[in-house]
Structure formats: C-alpha cells, structure tokens
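Two complexes are shown next, each including subunit A; its partner changes from subunit B in the first to subunit C in the second.
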Partner chain A sequence: MSGVSTELETLLGTRWKKPPLIKLSWLRWLLILGGAVYLVLAIASVEVNWSRVYEGLDRGGAFIMSFTRPDFLSRGGDIWNGLVESVVITVAASVVGILISIPIGLGAARNIAPLPVYLVCRAIVAVSRALQEIIVAILLVAIFGFGPLAGFLTLSFATIGFLSKLLAEDIEAMDRVQAEAIRATGARWTQWINYGVQPQVMPRLIGLSMYRLDINFRESAILGLVGAGGIGATLNTAFDRYEFDTAAAILLVIIGIVMALEYLSGVIRARVR
Partner chain B sequence: MLRLDKLVKTYRTGDQALKSVEIEVPIGQVVALIGPSGAGKSTLIRCINRLVEPSGGKVWLDDVELTALSSGALRRARRRMGMIFQEYALVERLTVMENVLSGRLGYVGFWRSLLRRFPQKDVDEAFRLLDRVGLLAMADKRADELSGGQRQRVGIARALIQNPALLLVDEPTASLDPKTSRQIMRLICELCAERGLAAIINIHDVALAQMFVQRVIGLKAGEIAFDGPPDALTPEVLTRIYGEEDWQATIKTDETAEEAVA
Partner chain C sequence: MPVREIAGAKVWRRRTTGEAMLRWVGWLIGVAIFVWCWQQISASTTWFFVWDAPRIAGDIIDRATPPRWSYMEKLWWPIWDTINIATLGTLIALVLAVPVAFLAARNTTPSTWIIRPVALFIIVASRSINSLIWALLLIAIIGPGVFAGILAIAIRSVGFCAKLLYEAIEEIDETQVEAITATGASRWQVMVYGIVPQIMPAFAGISVFRWDINIRESTVLGLVGAGGIGLQLSGSLNTLAWPQVSLILLVILLAVVISEWVSAKVRGAII
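Our next item is the complex of A and B:
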C-alpha cells in the first residue's frame, strides 16, 4: 500500500507528455533530419527553365482567356457527337462493370466466401487495380482498333477493380449478428445474402456506383487522348489545331456534366439510407 | 428432446469454451443458463444450431444428430430452432414485416423470398404474431425506427414464425430496462407455455431468471457448476458459479417476492 502511494507522490506535480511514436531519440532525430535533407535536395533537383516559363505564360494566358469566350458552335457537331459517345461509353461501362463487380465483391469478402473463391476474386481485383486505365486503353485500342469499343471495355474493367474491392470491404465491415440471425432461420445461402447482407451494404453500393459513374465519365474524356473514343478525342483534336476556344467549350461541358452528376448522386444518397 | 452429449468447443486461439458439457432438456421445459461472462453460455447456445461449429461431442434434437448433418440437412434442422438475440439482431434496414417473414426463409424458395411474395398463410401468421406481441401497427416501419423493447418483440415473432420446437435465447434482456426486461421474459415464457416449446435462455440477471423459469443451469469456465430448480440457488451456489460476493440482495428470498412481482 505505502509503496503505491510513494510512487504516486513522486509523480504528483511532474508534467506529463505523450510518449513519442519512435522511442529511440537518436533514431527519431535521424529520421526527421534525413527527411528534411532529402526534401531540400529533391526540390533542388527539379530543373526550372525560367525563360521558358516566361514565354509559356502568354500561351497559358491565351488558354485561360479563351474560357471567357468558349466556342460551342463552330465545332458544335463534333462536340455533340463526342459527348453522346462519351455518355454511351460511361453508362454502358458502368452498368456492365457494376453487374460484374457484385459477384466478384461477394467472393472477395473473407467473411462470406470460402478461401479458394476469395483468392480468385482478390486476384481479379488486384489485376484490375494494378493496370492503370490509360495502359489498358492503349492495349485495347491496339486489339480492337480506334473507337468507343476500346473505351467501353477499358472502363468496365477498371470499374470491376474499384467497385469489387470497396464492396468487399464494406461486406467485411458489416454487422455479423444481423447476418447470423438470418442464418439461424435456416435460410439458404442466396436468401442469406439477400436478407442478411444486402440490406446492410446497399446504401454504400449505391453511393459507390454513383461515384464510379462520375469517375467513368471523367475517364472517358481522358481515354479519347489515346484513341478510345468519346469527347476526349474531340478535345484532343481541338488542342492539336490550337482551337483553344473550342477546347474551352468542351472543358466547360465536361465540368457541367460532372457537377450535374455530383448533384444527382447527392440527391440519391440522401434518399437511400 | 434436446440432448448435449460431451459437447466440447475449443477456439482456434486455444481457449476451451466448453469442456464436455452434458445437458438434457425435455419437451416444454424452459431452462435458464447463468454464469459469468466468458463462461461459454453464448458458445453453448450457438453450438446447438451450429452457428459455432463444436469441436467434439454430439447434439441430438429428438432423434436427429445435429452435429452429423450436411449443410442442406442442417438448414432444415435450423428451422426447428428459433433463436432470439442480445441486441435483437434485426436487419435494421428491412421493415418489421420483412424481419418477421425472414423467419420463414427456411421454408420458402429463393425467388419467392427475393420478390417478397411469401405464401398467404405465412403472411397471415406474421400478422397474428405481430398482434400477439402488440406491434401490429408497426408492420411497415423499418426495424431501426423501433425502441429496444419493440425490437426484441419483433425478434421473438421472427423466432416463433419458424414454428420451432426449441427456442435458443441469448441474453434477451441485456440491453433493456428492468420493466421491459420482465415483460420480455414473461412474453417468452408465456409463448413457450402456449406452444409447448422448450427453451434455453442465457441470462445475466439471476433474480429475473428465478422469477420465470423451471430449471437453472450454472456454467462456469465451460463446465456445469449447478443444475437444479430456481429455489435451490443459494448464496453458496452462486459463489460456486460466480465467485465470492454478497448474494443476499441478488436472489429471491421468500415466496412474497414472487407474489409482489406477479
């Protein structure tokens, strides 16, 4: 008893500090100083050609100024065609990608899938995520030729990696007892998923799907740069011809659509709880 | 009707939750299972319907050996065992009616359940049960809109619509206030009497258990430390189950206490 109270008395009146993350003080300072030195050297190694920047300012200025007078009309037909193609690619790729992601997401959730299924599904997710969209698009353009088919396949493939992974993680974080209660009724596996798992992950699945639709639209604008169709192709052409006012018009359209999608997904997510 | 034969459960971590437990429950008997946290009460209940896979021993329900069943046969056997959970375990985003009807999943095909087209007699029975537990007006509410006591009533209706022979009840009152706890325990025991169901009820509240059940089993560190009528729960017995403490205030002392409650 007295031993405890003397220990307490020595502590009373002393200050308390949160224990540092790295206990060894020399190691801690070495890491801090090393990090600082590397940062300085790294920044110093990036070359900046200031005279080139000065010349480029004009071009940048022209580009920005063209936003004040976007030209929707002189290439209106091209913009419209590109836009329609982009929307088709986006919607088709999102729908197909989401439909394929759901079974793969179920398989990639460790708490509901047996180990072999889990490993196969995780492998699919890993491959899809490892390959960046542009790389996949270049490959698919090489196989299927220029046009929207390559863009559609690329975005479907990318959607699978994104949505399956996040859906699987949401399933792994679900409330086990709710699902257990459904299992205890003697439900078969499909019923168990439908009653015990689906209601728990549905709002997140809808939210993620809307977000992916949004991403797919923006990606479809980039994919045109490598020949995979959509409004990106129109944008690329406008840049090549130095038609900044047309390019500005295209960018404004993209921004408008992304904002509209953002608003739509907000409305939908507020309704699904 | 229910017989546990040398039931053993060892978790992968090496914890021995159950050490050769032997229990026999006849038709229509309501048993309270008491014991300190970690004594293996939840594990025991879950080993019966194999939500937790036992590592040894046998479980018999009538003349079916549950521990030997394939997954399809196990699903059919689970229909005869209704389960009621601590924290209710309703699927919160489903309606009250869907939660109750989910008790029929073992009897209904996948497409019917997917489209929520349950047979009319199941729907009628669900309405009857909701009326019996006093929640008929709540049928279309979502489960997360209900209070704790209401949710547990839905949980009871879900278990009963399975038309079970046995109820497995895991801490039904742990998150409820004292009055609601008694109402829920009374409801469970009344329904068991009405339908001739056997029940195993895990419960922390010793006095509450004494009030309602016919038999008490005390579990300590995975072994049975007591098995007898509720009146035989003396301070010495409670000390054997839970360890040293002053038990006078916990247990019912004479018949008048029961009268006052009833």
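Our next item is the complex of A and C:
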C-alpha cells in the first residue's frame, strides 16, 4: 500500500496531463521531428504555378456552376451508349468474377483446402490484388485491342482477388461444429461444402458481391481513359473539349447510379442477414 | 417442412415447389441478363485480335524482358513525387475529413435535418468518383503537375476517411462523454476530452490505411498528367519502350507491396 500512497503523493499538486497516443517519448519525438523534416522537404519540392492556378479559378468556378445546369441532351447519345457499355461491363465482369472467385476462395481457406491448393490460390489472390485495375487494363488493351472485352477481363481479374480473399477469410472464421455435424452424417465433400460451409458464408458472400458490383461500376467509369470501354471515354472527351456541362451531367449520372447501388446493396444485405 | 412423396416414402426437400419455381425463374432472368451483356461485349469486340492475342502477348513479353535497369536513375525523382502526392494528399484529406465526420455522425452533428445530409452527400460524391477522374478535372482547371495530383488524392480520400471516421464516432461509449459533460465541460471540451481520445486509435488506423491505398492510386495518376511515376509510364507506353515499361511496373509493384507491409505493421501496432 505504501507504493500507491507515495505515487499519489508525488502526483498531488501537479497538473493532470492527457496521456499521449504514443507512450515511448523518444519514439514520439522522433516521429514528430521526422514528420516535420519530411513535410518541409516535400512541400518545398512541389512546384505550384500559382499564376496558372489563379487563371484556372475562373474555369473551376465555371465547372462548379455547370453542376447547376448539367447538359444531358447535346451529347445524350454518347452518354447513353457509354453508360450502357459501363453497365454491361460491370454486370458481366461481376458475374464471371464471382463465379471464378468462389472455387479460388474455397481453395484459399486453410481449414478446408490441402496445402498445395492453398498456396496456389493464395498466389493468385496476391497477384490479382497487387496489380491495379488501370495497369491491368493498359496491358489487356495492348494485347486484346480496344473495346469492352479488355475492360470486362480487367474487372473480372480484379474481382477475383478481392472476393476470394474476403471469402477465404470468412470460411476460415466459420463455426467448425456445424461443418463437422454434416461430415458426421457421411456426406460427400461436395455435400459437406453445400450443407456445412455454404449456409454459413452465404450472407457475407452476397453482401460482398453487391459491394464488389458497386466497386466495379465505379472502376468501369475510368477504364475508358485507357481505351477499355465504358463511359470514361466520353467523360475524357468532355474534359478535353472543356464541355463542363456535359462532364457535370456524366458525373451526376455516375454519382446517382452509385448511390442507387449502395442503397440497393444495403437493402439486400439487410434482407439476407 | 417441405416433404415430397416418392414411391410411398417421404423424402426431405430443402424448399417447397413454389419456392423452387420462384428461384428457378430468378436464375433464368439472371442468366438471360448475363447472356445479353455478353452479346453486347462480343458485338463490339474484334475477335480477330483476340485470337491473335497469345502471339501479341508473347511478343510484348519478349520485348519487355529484360527490364532496362539503367533507366532507374531517371525514376528516383518521380518516385519521390509519387510518395509526396500520396502523403500530402492524405494529410489534406484528413484535415478536411475530421469536420465532415463530426457533422455527419448522428451523435455529434448540430442538425440532423440540414447539415447531416449535406455532409453525407459530400462523402458520397467524393467516394463515387475515382481519383483519376478528379485528376482529369483538376488538370483541366489548374493545369498538369504534382499539385493537381495532390488535390485529386485529397478530394478522393475525404469521403473514405470521413465515412470510416463518422462510423467510429457513432460507436463511441456515451458514458465517458456523459462523465465529461457532468464536470461542466463546454461543447469543445467534451469533444477534446470525451470523444477524441476514444476515436484516436481508429483515426490513426484509417490514416495509415488510406495512405496505403493512396500510394497505389498515385502511381497511376501520371497517366492523365498529374505527376508522379505514372507520367514516365505513359511516356514509355506511348513510345513503345517496353523494357522501360516493365521496369516501371516492377517499381510500382514493389512500392505497393512495401506500402501495404508498412500499413499492416503500423495498424498492428496501434490496434
């Protein structure tokens, strides 16, 4: 007890201070100092052409104003075609991506797959996650030529990495008891997966699929920048020609669809839970 | 329990006949939509190029190996730029995201009817548009360069950070806030002593997580002219300098792996 009372006595009369986020004081000061040095160097190395920025403010204002009067009509045909292509790519890539990522997700779960299968599937997931969509799209456009096929393959590939990893993590975290009960009835491997594993991970799989559909649509909007189809090409042209009214219209359409998809996925996720 | 009689014996079924039919129709519609989408893609594809693809891919790999290592000396500066775009962009985004998050969280927003929907709209608008598109827009407005890249990353990250942060704020322990309020603290003091300490770990985690994503995104911003290593990538692609392209892709891959490792380590230390 004497230890406590002396600690209390030393604290008496001193002001209380908030405990810092990082406890080690030398590490805290090192981080603060390093951060400050880095910030000075970084900001000094960024060249900003302020006169150019100042000139651009008018255009920035014009762009923001154009959101109040978006022009859906004068390039209506282009917007519609681009949009349909984006949606088509999104749907097809999501379906194919999900179908392929289910077996890979099963293979990447350590508790149901043998080690060689596990390693192969994890390698596929790692490769798919490390390469960004836009770089994959550039390479695929170079290989397959311009058009939505490259975009479709890009998004399918990206979906596999995302979905397989999360599905595998979910399978690894499942309740073993239920799966074992099914196995005890003498079920085959496929029956075991179908009745023991699938019901446990299905709600999350549906939720993740909806989320990925949402991501795929957002990504499909930029694939057009490198020639892989979708609404990105229309948007790029609109910016290049300073047709901000049309660009604003396209951006509003994208935001609207993303919001609708988010709402839809919220409803579906709430229902399957 | 749905049961079906087959030859006098009762056999357990997973679904009733009606349910099974409904599912069947649903699947049919789904498959029909997929087939239609595939036809659309197929119609606008030049299949001759696709059948030729293995040869082209082999050709590209042939040209791209070995990477031109001597090009590395021209890449150090773009790499530094790329890191700056990601880091400064993340910092600006965090500064902007904190007030937005406090306005969007149900328990700290000053008005649920007016300010909260505005804050939520800012979050959705920022999140639904890719940083490449933000970069395109900013380049049209303030000209190409690193600055446009930083702003593009910042605008894109505000929504992400604010969303995760306001969810963290909504999950705080209200009893601590009440304890601080009971001491007679002002609104700001409640925020500093009651709310901030609780969301600090989440805040640090979100920052590092977003920084990791931003390193990824900033490597390709140069494709549209917003500075960083992507500028070299698009230049090399346009001149068909495949050995340079393969070197740049290797550098990008390495940067992504390192940043993911750093972010995982830091988040592991915080949580």
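Just so we're on the same page, the second predicted complex is superposed on the first by the 221 of 273 C-alpha atoms of A that agree within 3 Å, B and C clash if a C-alpha of one lies under 4 Å from a C-alpha of the other, contacts with A are read in each partner's own complex, and residues count from 1 in each chain.
FYI, contacts are C-beta pairs under 8 Å (C-beta built on N, C-alpha and C of every residue); 3 or more make two chains touch, one makes a residue touch a chain.
No experiment lies behind these values; they were computed from the predicted model shown.
Legend: residue contacts after superposition of the two complexes on their common chain; A:I215 is shown touching neither subunit B nor subunit C. In the superposed model, A:V125 makes contact with neither subunit B nor subunit C. When the two structures are aligned on the shared chain, A:L166 is found in touch with neither subunit B nor subunit C. Once the two complexes are laid over each other on the shared chain, residue contacts for A:V141 go to neither subunit B nor subunit C. In the superposition on chain A, A:Q191 makes contact with subunit B only, while subunit C stays out of contact range.
In the superposition on chain A, A:A113 makes contact with neither subunit B nor subunit C.
Within the superposed three-chain model, A:E85 lies in touch with subunit C and out of touch with subunit B [touch as defined at top]. Once chain A of one complex is fitted onto chain A of the other, the partner contacts of A:V253 are absent, as it touches neither subunit B nor subunit C.
More residues of subunit A lie in contact with C than with the other chain of the pair subunit B and subunit C. Residues 49, 51, 75-79, 81-83, 85, 87, 89-94, 98, 102-108, 110, 113-114, 155, 158, 162, 168 of subunit B are the ones touching subunit A in the complex.
Within the complex, the subunit A residues that touch subunit B are 177-178, 180-188, 190-192, 194-196, 199-200, 202-203, 273. Interface residues of subunit C facing subunit A in the complex, by the touch rule stated above, are 33-34, 37-38, 40-42, 44-46, 49-50, 53, 56-57, 60, 80-81, 84, 87-88, 124-125, 127-130, 132-133, 136-137, 139-143, 145-147, 150, 193, 197, 200, 204, 216-217, 219-220, 223-224, 237, 249, 252-253, 256-257. The residues of subunit A lying in touch with subunit C in their complex are 18, 21, 38, 42-43, 45-49, 52-53, 56-57, 59-60, 63, 84-85, 88-89, 91-92, 95, 130-132, 134-135, 138-139, 142-145, 147-149, 152, 218-219, 221-222, 225-226, 229, 232, 235-236, 239-240, 242, 247, 251, 254-255, 258-259, 262.
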